């Protein structure tokens, strides 16, 4: 088992004809992901990647033609909010948006629209989801992870790869790795993933990688204390980040004294979550 | 992107918020002329994108055009928190009976804009929030519905605003909301909104911060951007699509990925070192970007060592290695460099780097320790 | 409130929808002048607020200004479904390759506006809906989000619009949506939206219906209201805050409450009678309104009997009775009247009416039966 | 027992200082309804009706001061949508809006806003709710009904009074009477009320009064067939209404062949609901 994506995932790639879309669609196909189609308005009826992937004008048509149940979004920030709504409206149940730099007011509107609909959004500004050996949706390098019993959820991209790689070096694999993204307003959060991992029989331990900004890690700590029976290991990036500066991710900023690494580590520790001082230490903790 | 007081107030005025008459000047002579045109007392206000202008002597009340000229000269000669003052705003002075705070920002946790008002205006609102939070009335705005009439009343009644001013307040609150929404602001603030001696409301100071991610559709604002006070290296990095933040330490860092870049800074700190910068070269950096990044790092005179921490995922290790080699051919330097390449094509990358004098490391901890030692001249 | 074709199209044009060049004329001479200014062939179109203009000869193609003048005269002399033609629209003629239907209306069940498109344009869309519903593509618009890009694509792809026209279609669909939303329309329709010979889209006919309840904030539209074709009695009733609808029967009805007024019509029908009108005098009608209502009913020459069915709730029976007595003093008539007063102060009301020659009834059935008999002269 | 309003109802009157608001507030007080306050922006701190009812500037303040849990709205159409949102936002759980002539686009927006919030709206353009002998919220004349076991739900005002009166004449009382209003877009609908009556131990029979326009009666018929154990009696007004004309109520219109009385009666009959041919007949049916 795994969470969110598995062998039943039928993926449609929104923005499949762009250079990023094409490149990663090929990678996902190579990994064995069931990519059933892509979309690009005005190019419906064409095929990409040597006739392996049909292109549709809209997600609605793609869903009708292929039975897609998951979408991944590779379209530019100006069009990504529309793409998210389009997927939800076409009854896609899991929408993974990789797009970076979406305006925050757009994301507030998108969330208000999505919340009553029952569609799950992962991201935006995230690397996607990887269920090692089964399915990859997004851009997580698949060669750095092996199947196993550790669930990984993270706000960061390469930092996650670092952890997956360190785990693999020690022969430890993961059930599913979810990048929830570094934006201040996103879809699926830590708590959602922690609950999914708690319920997933394949997952025995969970790694949670946070960073400065916001209070989602603190909320997750409360959730862990009250609801998790499986051990959780943490890492928080940005202990040395200066306040008031956005550290690459739109959401990684200490504002008005809120969102510091110290507070987050304190909250996690108080919830019984050991917090590593660097990413390699996480793997060592898990190995013990 | 921060806007100047005068820019913010002009936007507010466009949406119906009353502001004092005023103009900006770049010279004392212009300031005098404006003061003459306005007549009466004026306030000479430095326009710099940092807080604490008042305490730094950047705001002065002038009773005559000559005084306005004199103060303008003094203020234009100032440097406030390291920033030169290039511009002063000359506003007609207002008699103040009372000062109110009014502001809209994003409440990240609630995923909604939050409208805040306080009868304790004129001072730093974060101070009020810290010491007497009950003095701040907060109303969340539904991002699809927008500000509603009743919410304006909740604010007005919440700060016990005299009823005679509720109609004016309604116009101002709605104007501020429209300014916030239509300009993709992350902050729109009037502080203070004053009650004048003749019992009207007026926005005498204003502040806006615009969402950088929305500048593609806020072209007019983008063109008004004042780059004074923005770090030169950070601007240069942006041109090459790199995210760079200047820090105070002596170890330059080049990392792919924001989270990993932060973690790299943290681990340097853990081993007694101090990062000179945050630098994310992004997911698919090419040779040119790597070279540009290296140049930016080395321009910082504090830098005593450089740490490359590259996780090969989408970014291939050999490509980054080639970029480093190319950059080093162009940029002659004796500063010691530590490189850690892991993941996709990292073997090939390491081979390419063998021809350089770079210090290599396999783990992040090892790389951090070696960088700290190198910066101390111990390696 | 219905808008004329030319009014609707001008509104659409304001929101970016391409329409043919054209002007309205009230005389054949004006029509000729407009045709001269436009040059080439023109279409002369009667502007009346009913459907079926084409079949009635209200739309003609003129190849010269003289022909335009001739047809304008013919059309201005027409009466279409009982309505005089006071106005003609002179539009430049367009070569039509294809006709598309595009319309937005409220989907009551879904509680959302619904955007409809069909490749089978140019004909009555209700006919298409009845015979080949699969030819109509429907997209619901979230009332808080508004029309989204992808929804326009769903429509364009749904009707297999040639891709070369998608960009133009996007502008038109969004323009129609803005016209609908900003004017509080309950219907905004382009039929047909044509593909021209040179492969562009153009709205050659348009229709809008505005929500009467929103006219308080659509003042500009309200001023443009064309009352031709609206029933005089219905307009007069509106002035007195009464809701009156003219029907074909011979029993005038005066009732308080819309539901009860319908039920009263229905029970007359049940007992073999036929109502002359629907009339709701509302919840708190006063003497003056009752008198006005009675005058409106009696102006209808078909009326052979009048039924008053008043349920005293908030409306007090004695008050209505006084109104009837006052009205009857002023309006001399031999037409038999049946009255049923129930509820609050109905006893007092009945006493007041005792001085009149009115026929009284206790139950609604009794009142209906007596009214039917009275209208037949059997009472 | 009863539905929606009972002795625990704590009512705030929005627009209490207007002539309609004042008049009906007095009536409700006289009936024993627990009117705890009213609102009128700018008049907070005043009292109306001889000091019986305090006036507040906003519903939020009224709720804080009085613990109000229900509101009734007597404000003009231009301000009523704001009043509904205000009540919902102040955590009022039952909002009864009497206002007529609210633009339909406003109501579509209001419903989209309210739906995820868990606040119940009754109306607009309705006479309110009466639980005979206990509480009256709105303008239903209270002297025409007595307590009993018949639940009444209706789209029409006076037509409902007619039925209540006819029932009373036969000595039959009602548990609660709900006017759901005659607008095309409203809050609580037939099905909501039917479910409540089905669950209410005091209610043994239900009267449902519909009219032309829309398809809510047809949907209610399906619901009755599938879910109701208690007998339902129907009446539909507008058999003789001409198509395309609004019969007083904004929602009472036959459009595009939809919403005719014939269809509704057919649907109800098919669901086993006897439909009276005039309002007096309903009482006779119930009495049997």
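First chain written, first letter: the chains are A, B, C and D, and each begins at residue 1.
One rule holds for everything that comes next: a residue touches a chain if its C-beta (ideal position, glycine included) is under 8 Å from a C-beta of that chain, and two chains touch if they have at least 3 such contacts.
Everything numeric in this text was worked out from a predicted model, so none of it was measured.
Counted as hops between touching chains, the shortest connection from subunit A to subunit C is 1.
Inter-chain centre distance (subunit A to subunit D, centres taken as mean C-alpha positions): 47 Å.
Subunit C and subunit D, compared by their mean Cα positions, are separated by 28 Å. We define each chain's centre as the mean of its Cα atoms; on that basis subunit B and subunit D are separated by 54 Å.
Contact with two or more other chains is made by residues 109, 112-113 of subunit D.
Touching of two or more other chains is recorded for residues 142, 144-145 of subunit B. Taken chain by chain, the contacts link every pair, so each chain touches all the others. Of all residues in subunit D, those touching subunit C in their complex are 77-78, 101-109, 111-113, 139-141, 143-144, 154-162, 165, 182, 184-185, 209, 211-215, 235, 237-242, 245, 247-252, 256-257, 261, 277-280. Against subunit C, the residues of subunit B that register as touching in their complex are 144-145. By the touch rule above, subunit A contacts subunit C in their complex via residues 41-42, 44, 57-61, 79, 82-83, 85-86, 89, 109, 112-113. By the touch rule above, subunit B contacts subunit D in their complex via residues 142, 144-145, 148-151, 153-154, 157, 163, 166. Taken together, the subunit D residues at the contact with subunit A in this complex read 115-116.
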